[in-house]
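Chain lettering (A, B, C and D) follows the sequence in which the chains are written, and residue indices restart at 1 in each chain.
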Amino acid sequence: MTLSDENAANIVAGTTQDHVSGNDSPKTYLDSNELIINMGPQHPATHGVLRVILKLDGERVLGTECVIGYLHRGVEKIAENRTYAMFNPYVDRMDYVAAVSNGLGYCEAVEKLLNVEAPARAKYIRVILAELNRIASHQLWLGTHALDIGAMTPLFYTFRDREEILKIFEKYCGARLTTHAFRIGGCLYETYAGFEKEVKNFVKFVTPKIDEYEALLTGNRIWMERTKNVGVISGPDCIALGVTGPVLRASGVQWDVRKAQPYAAYSEFEFEIPVGTTGDTYDRYLVRMSEMRQSLRIIEQAVNGLPEGPIMAKVPKVIKPPVGEIYHSIESPKGELGYFIVSDGTTQPYRLRVRPPSFVNLQALDVMVRGLLVADVVAVIGTIDIVLGEVDR
Amino acid sequence: MARTMAVNYGSQTMAEEIKPPVLLSSSAQKTGGETSAAKAASGKAATAKNPEGPVPIPWAAPLVEKYRSQYGSGLEAQTYLGQNYVTVDSSLIPNFLRQLRDDEQFDYCVDITAVHYPKREKQFEVIWILYSFARNERLRVKVHIADGASLPSSVSIWSSTNWLEREVFDMFGIQFVGHPNMTRILLPEGWKGHPLRKDYGILQQDQEWVQINLGIESGQ
Amino acid sequence: MPDFVTSYLGSTLTPGEAGNQFWALVYVFVIFAGVSLAVMSMNWLERKALAHFQIRLGPMRTGPHGLLQPIADAIKLLLKEDIIPAGADRFVFWVAPLIGLLAAFTVYTVIPFGPSQAVSDMNIGILFMLGVSSLGVLGVVVAGWASNSNYPLIGALRSSAQMVSYEVAMGLAVVSAILMTSLNETGTGTLSMIGIVRAQQEQGVWFIFKFFPLGLIAFIVFAIAMVAETNRAPFDMAEAESELTAGYHTEYSGLRWSLFMLAEYAAMISVSSIAVTLWLGGWMRPFSRLLRGSAWDLIFSLFPAVTFMGLAAVAFVGVVRMPRRSDFKVQKIGLAVFGWLLGFIALMLLIIAIAGRSNGAAIPSTVNQSIGYIYWFLLKVAVFMYLFIWYRATWPRYRFDQLMRVGWKVLLPISLTVLVATAIVGILLS
Amino acid sequence: MNSAINATNATMAPVATPYFFYGLATLAIVSAFLVITRRNVVHSALALIVTLLSVAGLYLMLYAPFVAGVQIIVYAGGVMVLFLFVIMLVNIDRSYKEKRFSGLWPIGLAAASALFTLFLFAFIKGRALFPDRMMLLPESSNTQQIAGLLYGDAGKMGQYTFAFEIASLLLLVAILAAVVMTKKRA
């Protein structure tokens, strides 16, 4: 059980020695206090099929190793065997809680490769849906994260409100989760009658709800004790580890692709990039909460200024981009989501690479949890906000 | 995992001469010659001349000048659709990347990936996508290497490249020397072959796996 | 009626004290059945209350408003396959839930539901309670070890450390309450549960208000420690499902698992009973000093009947609000029957309250009084049970080191200070 | 209060006392035997708990409920939990491999039989000392008696106050020592 599992310990030690605990001497593996625990892939708090091997001293984490790939579907290989338009729905299956963002990134990347630009109205619709999706993703994150830390109730509140967003998606494109809302060159669907009104109503509806979540958690002593100074990561560390999104911003780096290299219509809206100071779990929580509010701001502006006009650019029926390659990235709810597409002039991408934010952010787990307790591992996995569909692709 | 280990795919897929990636279309033919529009378009594309588009133009910038004077012909800078990339010789790799980080503030390695061109002499193109917070600028560094060649790891330069290099190894079989844990990351340890190579036969693998493990003919 | 039946009904001693073995046995059975029933209804209540906290409905299908859900659950658990893991220590695995259950139920022998409504009035009642409930941790520890699996082991280690730590603060808080019982002419206190309530009766104040705020602080310390002692949220480290899947009972299934649940809820009720006995005046009705006289007595003796009437009314409102569809017919009838049952109980209670309003030694009067005692005691306990659910819905979970810090560095010094302060104030005032 | 005690004494004493005594005594002996014979340490610990609990039962029968309660709280509830805690952290498999009753067992057996002989001798010789019937029970409760012995009645110093305080001081020193030792290791 504890010690008798020397075999297991050695197996893990063998795979992890250099990676998990480079600074530990090998003989510590035989120390009587060490315990190797396998968290996942079937574990309620690993948000899917993530497997984390924990090396513990009592309850203190000495090192971790993530074992991923349980959800690998070979998205990049599939892309090479599909036409550009056919591959579009596949990207929704990566970060399935933010499918709209995935689609947005892909469509914009291909448009860039084709050297076309979506019409203004399409861009606005894209922004509205992508920001709604950001709120939905953050709500889902908040609910599950709070559940991991032991607060059951916020989950149900966030899911109740996320439902309203999904209803808008469903009315717009017929799907709730994997939406396939956009097409290369713009949008396929015009907004439905009453879209603006519903979105505005949603903004009105959800603003007090966000305050409600905060009322439950922000000032809660136990919540603060569980999240403050837990999983601290500094700004330079984040940059070195390639961590992006709310995690980076919570560490004090004010960087958002929407501001730094604006895409869609983001340059036309006023919004702020919330940043944290300490880079702990609590800051990441606060950053995401204010991000939801900023998203509402963007949505409001976009709905009020929704221009008239076509929603589809002139794109040939058969999409055949010229030979060349492009890298395009957007700010997905998880971080920088990039698409690197190499075209050989045919209808199928020669090579399509997805730069998944969850995958890169997950690397920071080891840095963040060392020296913390098992309970914190759960909190930190939650706070990185990974979606295994995107990590494994 | 252990079951797939029993299957040996390596021999024919690795050594075989490069075949065009026609996995989808071949399956379409088998199931009754049903040709989609995409298939037809794809067929046409092979014969028709490529559509006109922008072409990469040389990129002139102080950064490029500086390193060209240092490295000479081993470095070629181009820009395509406003995106800059530098193609360098593989011998420059760790030093040039380190210089980019230290001297040019490219402190964030966004991604590492590779592209397989089976017909070229140096089959693989490995690409580092870099970003500089200070300059708000992206840059791609490309290197061409032959099959079986390895590259020095850049984990010591950007720690983010740890898993990214493992993924490149997993998908393309390119070894990064000096990487702390050069093992497969997404695929199970006993997997044969590297799927993102153009000569990787999915259907063959599937048929073989089904035959060996299930004892029936594959329906694919 | 046989003599041994009537003799007890008029008696002021507990059956154990009076050496009345027949009634002692009756009490044991009543308590066993009652606690099991209470656990079942607690199960339903927790699910319903938690659901409504969380904008859900909770069980709705099994019986009207899921009223039959606990029974269905019990049947399911009884019929489930009983899995013993291959590497488990079979005997210890088998015996562990029994230890927990035994400890949780033995405690009830000294819980005073009224001045004579207990199995026995033990001389060392509170000591016995603390001692036996501390045996409950053995079941947890042994269960975690016997499962031969890492998560249960960690859960067991956590909960044993946690329960042992919180027992210290809990014990000191209890001692300060016991100290208060000695504030009488003779200067001798008591450890007897009934004696403690009697002391509150004699001093005319519930100990929670005694030496304000000392009693209150001791009570709060106990109230926090008892949540930790029963491994409930926000101190449910031992079964933190997001970390340890289910803690010490991860490997348990079916009947054995349900025994753990039974023990957990029984322990919740028993620690609540301790809190009620020590600080909230046990079986005493509120304002027993302030609002005296037979008129007030009558009004307060109507409370049980009124409560059941209220419950019946709620059930009938539920009947009326059910959709008028044919597929709801059975549910509607079921709920109506349930409502009538509650109404019938209310009626009986009303009759007893009216019949026993004279303060004599006649049997109706004694029965009336007993019902009053039990009612107030259970009502106070029920408040605690609701609080347990409320905590669970509201708070995130403490981390283990924080939990230990709270136990040793916050609660222990506070309870020590309160103990010393109570002693000093007690000496100064006597 | 006292009336209640007397009532207890009057009514409870005769109930099946010898059977309870023999039952508990047998249980204590059998489980004590199991403690030293079981190979599995956790089984030994569980048997030890049974021993402690049956001894607590014997105390109860001797009208010493306070001692019984303390026995349960301190030994069965506290010490044994810590025992189990420690046992779970060490390697149990190793204890299977190790030889038990190493070399010293003849000495142990000799000591045990000497002790047994002593008890037997004392029991036979001192029969006159032990009254055939139950001793007359004191007026006050067991808890109050202990309090009297330790702290004294009505302003008087108790018989064992000094010894009691010394013992508690020793325990405090032991606790501090344990803390210091573990701190040094970490």
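Just so we're on the same page, a residue touches a chain if its C-beta (ideal position, glycine included) is under 8 Å from a C-beta of that chain, and two chains touch if they have at least 3 such contacts.
What you are looking at is a predicted structure, and each value in this text was computed from that prediction instead of being measured.
By the document's definition of touch, common neighbours of subunit A and subunit D comprise C.
Of all chains, the one whose CA centroid is most distant from that of subunit B is D. If you compare C-D with A-B, the chain pair joined by more contacting C-beta pairs is A-B.
Subunit D has its Cα centroid 31 Å from the Cα centroid of subunit C. If each chain is reduced to the centroid of its CA atoms, subunit B and subunit C end up 66 Å from each other.
Centroids of subunit A and subunit B (each the mean of its C-alpha atoms) stand 24 Å apart.
Rounded to whole angstrom units, the spacing between the C-alpha centres of subunit B and subunit D is 74.
Across the assembly, subunit B contributes no residue in contact with two or more other chains. Shown for subunit A are the residues that touch two or more other chains, namely 1-2.
Across the assembly, subunit D contributes residues 88-89 that each touch 2 or more other chains. On the subunit C side of its complex with subunit A, the touching residues are 50, 53-56, 145, 148-151, 153-154, 158, 233-234, 236-237, 240-245, 392-402. On subunit A, the positions that touch subunit B within their shared complex are 15, 18-19, 22, 68-69, 72, 74, 76-77, 80-83, 86, 112-113, 115, 239-243, 253, 255, 260-261, 318, 320-327, 329, 336, 338, 340, 342, 345-348, 350-351, 353, 355, 359-360, 362-363, 392-393. Contact residues of subunit C toward subunit D in the complex are 13, 17-19, 21, 89, 91-92, 95, 121-124, 127-128, 130-132, 134-135, 137-138, 141-142, 144-146, 153, 156-157, 160-161, 163-164, 167, 188, 190-192, 195. Partner subunit C is touched in their complex by these residues of subunit A: 1-2, 35, 37-38, 43-45, 59, 146-153, 155-157, 160, 216-217, 220, 222-223, 225-226, 373-378. For subunit D in complex with subunit C, the touching residues are 1, 4-5, 7-8, 10-12, 15, 40, 42-43, 46, 49, 65-66, 68-70, 72-73, 76-78, 80-82, 84-85, 87-89, 141-144.
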